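The letters A, B, C and D name the chains in turn, as written, and every chain counts its residues from 1.
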Amino acid sequence: MRFFSDNAAAAHPAVLSALAAADRLDTAYDGDAWSKRLDGAFSELFETEVTALWVTTGTAANCLALASLCPPYGGVLCHREAHIQVDEAGAPEFFTGGAKLLLIDGDGAKLTPDAVEATAAAIRPDVHQVQPHALSITNATEYGRVYTPDDVAALGEVAARRKLGFHMDGARFANAVAHLGCSPADVTWRAGVDALSFGFVKNGGMSAEALVFFRPDLAAAALYRRKRAGHLLSKGRYLAAQILAMLEGGLWLDNARAANAGAALLAQAAGDRLVHPVEANEIFLRVSADEAASLRASGFDFYDWGPGEARLVVSWDQAEDAIRPLADAIAAL
Amino acid sequence: MRFFSDNAAAAHPAVLSALAAADRLDTAYDGDAWSKRLDGAFSELFETEVTALWVTTGTAANCLALASLCPPYGGVLCHREAHIQVDEAGAPEFFTGGAKLLLIDGDGAKLTPDAVEATAAAIRPDVHQVQPHALSITNATEYGRVYTPDDVAALGEVAARRKLGFHMDGARFANAVAHLGCSPADVTWRAGVDALSFGFVKNGGMSAEALVFFRPDLAAAALYRRKRAGHLLSKGRYLAAQILAMLEGGLWLDNARAANAGAALLAQAAGDRLVHPVEANEIFLRVSADEAASLRASGFDFYDWGPGEARLVVSWDQAEDAIRPLADAIAAL
Amino acid sequence: MRFFSDNAAAAHPAVLSALAAADRLDTAYDGDAWSKRLDGAFSELFETEVTALWVTTGTAANCLALASLCPPYGGVLCHREAHIQVDEAGAPEFFTGGAKLLLIDGDGAKLTPDAVEATAAAIRPDVHQVQPHALSITNATEYGRVYTPDDVAALGEVAARRKLGFHMDGARFANAVAHLGCSPADVTWRAGVDALSFGFVKNGGMSAEALVFFRPDLAAAALYRRKRAGHLLSKGRYLAAQILAMLEGGLWLDNARAANAGAALLAQAAGDRLVHPVEANEIFLRVSADEAASLRASGFDFYDWGPGEARLVVSWDQAEDAIRPLADAIAAL
Amino acid sequence: MRFFSDNAAAAHPAVLSALAAADRLDTAYDGDAWSKRLDGAFSELFETEVTALWVTTGTAANCLALASLCPPYGGVLCHREAHIQVDEAGAPEFFTGGAKLLLIDGDGAKLTPDAVEATAAAIRPDVHQVQPHALSITNATEYGRVYTPDDVAALGEVAARRKLGFHMDGARFANAVAHLGCSPADVTWRAGVDALSFGFVKNGGMSAEALVFFRPDLAAAALYRRKRAGHLLSKGRYLAAQILAMLEGGLWLDNARAANAGAALLAQAAGDRLVHPVEANEIFLRVSADEAASLRASGFDFYDWGPGEARLVVSWDQAEDAIRPLADAIAAL
């Protein structure tokens, strides 16, 4: 059974149904009935007026956001292991026109206000050095850690003080909110976030992510940037419909809760082997090469994550009885 | 009834079925079983070894191709009304890193070898002027004209002589091939084309286009560029499956033939009103404002195309009996 | 004798003297005493507070200005034969991050408000087309025509109405002002210009041009862009000193008047052969190939400018007795 | 007395004389007699056929080189404290079109083959991560350390094995060669270097640096890139003449030897306070805040370099008797 990534899972049946329902002639691009409902749906969810754009990848969402917040000659403060730094093939540099990622350390790929402040303060405020214009965090982080509303607000204060745009990569935003049990607003705009990449694909979607702007002034240019990056699909309704299906009745939260619950089950079995507290749907285990081999021999697929570590990710569609055997196998190591 | 664009039509049922068939866990990105079949399927179709990448838009396909063929300091020869120049929001400049489009005139948005040669020859071969590195044509053109294999080969000779990469924007490639009745190979690589944007979305697809490289050496870098542009979807199988469904049993050709036939019906009715010969699925009519208004009053939607002209596009799913009323209305003007 | 370009002439002795005077240790980059005097010197000249940056080429000045006025996804309205379009090797695209030049026709490379308005109005205000964000004119133009303060103000009104940044390429600004006899302010900021590339190198300078911002808010980012483009010389005082020497006592105007006077002499001799009215230091002649050959045989160097035309440029250091022989030769054709 | 940077010093009298000698009309850009001698002069110096371009800054030289060696989607391996990373305001990202600098640690800002190899090996060879395409080192380093021919050759082997372009930032190349006493060829192309930024401005020049290509195939595109970056001065002879004056009779080596000798004098006085061995013209001292203040009170200017450290740089024109007082002051701390 596969635990190597939540982005390889099937799509939720509601998503496929939504595609079928949208399968009729409508205005092209984002002029259709489904696309036009996005702003409203997200505004309701976030309890404030937002502008939301569909895109097909988290990389596109992240990098359109960064380009909206940082000029080509500026820098983006982020964690050294942020997805935008290590797994997007230079897309941030491409979309921003050459901005520099300014890297910060932190346990579990989490940034602290002190670390952000220290990195920013170490940059000479002269034209020879790239000045920070934006801050980007990932919630849940690349190690499955979750920023609380207070965590985010503390970073938001640094951003405000230093006039930094504030972006949240929410590839697993649903898992973070499911863990926190808070309003999506609390952990985003109420804490100072300007733009959110709201992920659906890892959470039961097929090919649609949302880029949500809490500052509507940023959205106008982003629409041009989306088109210019080849990301304005002509039959946009098939993307909008997927997202609306995920928002409908809180499906996005249900799916995330299911995945988190599966990860919690594994975490319980793992005990001292856990490298990081498990707060979302990823778990990182200390395992020897032999132990990893033994798990794989039992039919469990996952990624090695540096020497002596393994990453396992639970997907929205893996029910408890699919996970229990792995939990047992881990406990038995 | 809507005749304003083929990119607003529904998707073919086979495409939706393919999505359902692909709806199970598989390797992420383009490591899945469907994506891996693309090279083979297109190599068979083109009777030579090719490399094919899925992307979600024609703009992405075109501009990845251009970036593969032209350095940032170079230029791309193309028609003044080419889609890449007038309808892609500067995407060519974005993907290439600032290359310049070098514009050429020509009836029906078609380029002739003489016009290409004259434009290239007028550029001083010194560092003050942007030198051409690539040639891009659209087949069928933005005015529904089709380049024959001989037409393309004549341009291919200019490209070869001047060491220009040769790209074909085939947003309506299927309509062109349906019109020509030739092998897809004859009008592409056998005529000197290096890269083809093979469109499916206007022809019954949902969200998948193909970028086909006839020079496999170009593909390796393009894979990095695709990821860097945020165009590597994590569940790529849903794109590959769409394309395979369109290729299966020649569905792409059947759909294009149907659309072309509908346009031919309208062309016959239009007679002297035709601005361009109708060779694909678009027709351009001379109509007065009153005549246009009268057609619209009868329920036919289309775009005005400059003063005194209208553009009507037939989609794959518009059967003869859906088109006949418009043909009659045109004839009755 | 060489009449092919004013940018091949020697530097004025005062410029060389200024280099010698600046030849001592001082703060690096633009922190030295000379660089710090630039803002004041230009503010006085323009009768308003301006910010001025030295750069080494007109291309750098132009393109830093354009990058300050136009985002990567925007367009710059300019003449089809503007230097930025035909002689800067794609530098505008490079500095702006891929903005598109939107080309306009006009006699003598001059733009009219109507032509600018018509071009802007023909662009669909949707995300598929590049929207104009800036307007750039050249004064004197590439054909030696001069925009009057009224000409510029009329364009400034279009720019203001359409919210376009307004740039003036003043590679031969001195020649324009010498012709007009107006205050430099009248033909720039009072007429709506936001940024001026103020040329010195064609007018007796050695290697220093000035980029003058009439909107100081634009300058802060431009300082970063200058460094980022490798244009922040470490011994900037040698550039600032050149510019100050040119401004001192109105040397820039004296030099331009001398060059204009020489061109006027040639214009008088040329009579009906003139392609454009001679308003600065360039003259464009109708000459047959035989006539051009005969002039060259007499020792006069110049550029052919399309079939049947020749361009002759008078430099600041060509005295009347150096020009008279050419005038006689032209008259004798 | 100022020890804060060698790039604030005066120009050598021979450089000013060369400007005067070049002060007459000649062909514009790099078509003049002086510019045409550059390839020959550098080919002689390097004992092989090279192509050399003048530019006005080390940043321009470095970044044109990097753009020649690394595609926009690639990465450049360099030291974490390399000038291109910390002091060029993102110019590498700008010139390359968004390539990523891949940072490596190492004492004294020197890279070892093992460290380069380890960094390269840690990058997954898939499209999600930026792949290294070039290696850049600084000789002498930012901490005044010198790579020997053997050091460079060992890195050249890594570069060759991994098919990386190899660039040397030689802002203080003269000081390195003066220290080594070797042929310039030994520490560059014979050791695998493809392109060298050969600095003159810190060594008695005024405004001219050279970019030397040991692979002539790289130069053709670089000429276009130079123009496109606004770095093709119209009166290029004033740059070429400076460089030729520096090469004439080995002035570049004499100046560097003088500066190195001054630094050696300070190093002797500094003893245990040295943070790095002194091999060029920079010395880094451990000093308390009080000690630094005391030196400044005695009239010596320099930069603090992190807490408890000071950087002092000796310039080409600081004779022994100008340095002796500082040496004495350091010894007396």
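Operating definition for what follows: a residue touches a chain if its C-beta (ideal position, glycine included) is under 8 Å from a C-beta of that chain, and two chains touch if they have at least 3 such contacts.
Since the model is a prediction, treat every value here as computed from it, not as a measurement.
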Given chain C and chain D, the chains that contact each of them: A, B
Between the pairs B-C and B-D, the one where more C-beta pairs touch: B-C
Mean-CA-position distance for chain C and chain B (Å): 42
Centre-to-centre distance between chain D and chain B (centres being mean Cα positions), rounded to whole Å: 49
Chain D: positions in contact with at least two other chains: 72-73, 88-90, 94, 97-98, 127-128, 224, 227-228, 232
For the chain A and chain C complex, residues of the former touching the latter: 71-73, 97-98, 127-128, 131, 221, 223-228, 232
Chain C-facing residues of chain D, complex: 2, 5, 7-11, 16, 19-20, 23-28, 55-61, 63-64, 88-91, 94-95, 201-202, 206-207, 224, 227-235, 238-239, 315
Residue ranges of chain B in contact with chain C within the complex: 72-73, 75, 86-90, 93-94, 96-100, 127-130
